[in-house]
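To start, the structure under review is shown below, and the notes come after it.
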Amino acid sequence: MIERAIALLILTGLFFIFTLLAFFFRHLVYQFLCILVLMVLQGVLYLYLNAEFLGAIQVIVYAGAVLIMFLFTLFLFPEEELKHLKIDLKNLKYSSFLPVALFIFLLLSVLVKGIPESYQPRNIYFDLKEISNLLFNEYWLAIFLLAFILSFPMVALYVFFKREEKSGSS
Amino acid sequence: MEVLKVLASEYPFYVISGLLIFLGIGIFILKKNLLVAILALEVVFNGINLLFVTASHYLGDPKGKMIVLLTLAVAAGSFAIGLILVVNYYRLKRSLSMEELKLLGEKDEE
Amino acid sequence: MALSEGLFWAIFVTLLKIAVVLGIVLLHAAYTVYAERKIIGRMQARLGPMEVGPYGLLQPIADLVKLLFKEDIIPQEAHKVIFQMAPLLVLVFAITNLSVIPFHPSFSIADVNLGVLVILAFAGLGTYGIILAGYSSGSKYSLLGGLRSAAQILSYEIPLGLSLAGVILYAESFRLQDIVASQANSLFGMNVIPQILGFIVFLICAFAETNRAPFDLPEAESELVAGYITEYSGFRMGIFFLGEYISMYVMALLISLCYFGGWTLPIWLTTLLPFIKVIPPTLILILKVYFFIFLFIWVRATFPRYRFDQLMSISWKVLIPLALLNFLWIAFLKWRMLT
Amino acid sequence: MRKDLKYLIFKDLIGGLLITLKTFFRKPVTVQYPREKVTLFPSFRGRHALVRDPETGEARCVACLKCVQVCPSRCIEVKFEVDQETGARKMLAYNLEALRCIYCGYCEEVCPVGAIVLTEWFEYSSRDRSGLIFNKERLLKNWDEFVERFPEKVYTNKFWNLKGVPEVLKPAPKREGIMVKVRE
């Protein structure tokens, strides 16, 4: 119990630090690196929620593939576009602080009030076989839809680069 | 001891997911750059994922984790399409600013 | 609040294990450089290093001393923090992979349920070191090397994962120990016999993942000066090399565990030659690993480098369909075995 | 179709691997220079020398200037004076710039008396340019250093000779190769 609390405290602190850094860096690559650290830490957080498989998938898919793709795209732009990204306070209304204030109020209220005595953290093992049973029996329609939706990026990429080639050759 | 007990519960996860969502929205609103916008949307998406997983842990129901597994795949695809759009937009306009993004199609030549 | 004695002992034993594994692997990595120079020399009818010590055996130590005392240059155009951090990223993620690999049926630093996935995850993260090194150097050659590495890793992680999916399906587990055990109990004794297709795909992807020849495009010295390590000097460059050699060992271990039965020998071999049972299990694993390290060096001495478009088309047009085919075949095999 | 089958079994790749494996078990061709040396053949063209006549102790050169004319890189420079009574030439200075020399060996072939030769001595170097511009004394000294290696009294080299010319048409000192007598 105590180890878990200490580890989560440290993780929350790291999250706060890197969130602030990600917000206030002006160089897009540095900002990106902070967000990368956040994504990897989120994979660690999944371990504490009994979702080891999701944690590994998070690191492989997000940190390993999607964000590398983003970094690749960043390098296609000239350096001047990535530097000096200013925070634009012009369009900020005072009312937009309302949800933040509400969020902080809720957090503090839980912290002050504490959680009820009856609460007990559940320890459910994230069983892969159970999940795959669910996936392929109850949610097969969702998977087919997913595969259908995922074919769109492929087609889009193909069409985009075909058109590129045609315009380049003519 | 009370604080430790709160920390050991799902409380920090809710805090972190809120943090991620607000970070994403804040970056999206305050930095008017298309690349940053795409990154910010991903951060918001991850915050919501964390919320789903936390809720499924709290309720003892694996369906929340499964939804995350399904949406992760969609997110990767949508991210790629967004990046393609941004790169094409930059080729046309030579700018990444969101403020110049006014037209929906090609401009009519008068 | 006092730490219990059991916890203390657990931490002590873990640290001891880490020290043993790290020491052995670092020594191996240092002497792999020597072996590589020697073997490539012999394959080109040369001698290789001969000057330091008898048969040049002290050459790695001399290299280390030279690298340690060289000046550490940071270019003016570089992003300093990222530039200093990048080699460490490569090394750290390469070494972390070692923690989940079992070297003996009862010896592994961390007994993780998802060993294969953890290795895949850290192999993906390790490329950030290369990409960021390329970006932060502030030189065109470095940036090109980094971009190439990004594209290469993105396209080669997919067939790597797909070919491992066959192994995982066959063993019904992500644990490396379970994978080895399932191979020992099976009819063929080794995964490589039913899944020869997956093994070939995995081998090619392993070459690409570790940035070794013939896929060493990020550091192609004939086109880009040295790719992402152009601006690095002294000990930072040494760390890059160390990371590369350790990841080579990780890949060789993974191949011999997933496809060649790890520390077990197939049943048909032990019935044919009964005296072979005397060999201790770790020695079998080590011999398999040495063979694959030799293969890495052998291939580097033989094949020329692929062009970049060839590299991409191999991955997307050949390896991914082959890996899917292998996966379907294993699914069919498993289905026949279950019914 | 046959080509496709070849790709499927990796015929070319495995053939390449086997070639390197065969070379791996071969004896290396490397010579570790300062400790072991390559055997030099008599046709090797190394450092230049002027042959010292053991009887007079001087160079054999008669200042015919044939070597100067035939040299492709124009690296030889000879100064001479003509004796007014007999008409005989006497060589005064013989400068050879080894940096410009291309070691073609024309000078030693064309020399009627076998005076200038390219010896089988290859370990020479200098820290400045002037060290490799040989004058007459230096060339003679080169000869002395060279013949110290050969304890035999007579050293014969048939390669210091004109090729494709009948023996009869050659000048007397060059027939049957150059016979060089080493001092007693």
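Letters A, B, C and D mark the chains in the order given here, with residues in each chain numbered from 1 onward.
Please note the rule applied: a contact is a pair of C-beta atoms (placed from the backbone, for glycine too) under 8 Å apart; a residue touches a chain by one contact, two chains touch by 3 or more.
Quantities reported herein were computed from a predicted structural model and do not represent experimental measurements.
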## Note on the structure
Here the gap between chain A and chain B, centre to centre from mean Cα coordinates and rounded to Å, is 7
### Summary
In whole angstrom, the CA-centroid distance of chain A from chain D equals 76
### Query
CA centre of chain B versus CA centre of chain D: separation in Å?
79
### Centre distance in Å when chain B and chain C are each reduced to the mean of their C-alpha atoms
34
### Query
Can the chain contact pattern be summarised as a line, a ring, a star, a complete graph, or none of these (other)?
line
### Chain pairs that touch, as defined at the top of this document
A-B, A-C, C-D
### Message
Could you list, by residue number, the parts of chain C that touch chain D in their complex?
### Response
39, 41-47, 50, 298-299, 301-303
### Message
Show me the residue ranges of chain A that touch chain B in the complex, using the header's touch definition.
### Response
1-2, 4-5, 8-9, 11-12, 15-16, 19, 22-23, 28, 31-32, 35, 38-39, 42, 45-46, 48-51, 54, 57-58, 61-62, 65-66, 69-70, 73-74, 76-77, 81-82, 85-89, 91-92, 96, 99-100, 103, 107, 110-111, 114-115, 119, 121-122, 124, 126-127, 130-131, 134-135, 139, 142-143, 146, 149-150, 152-153, 156-157, 160
### Message
Which stretch or stretches of chain C touch chain A in the complex?
### Response
1, 79, 82, 113-114, 117-118, 120-121, 124-125, 127-128, 131-132, 135, 143, 146-147, 150-151, 153-154, 157, 161
### Residues of chain B touching chain A in the complex
2-16, 18-20, 22-23, 26-27, 29-33, 35-36, 38-39, 42-43, 46, 49-50, 53-54, 57-58, 60, 62-63, 65-66, 68-70, 72-81, 83-84, 86-88, 90, 96
### Residues of chain A touching chain C in the complex
2, 29, 33, 36, 40, 43, 52-53, 56-57, 59-60, 63-65, 68-69, 71-72, 75
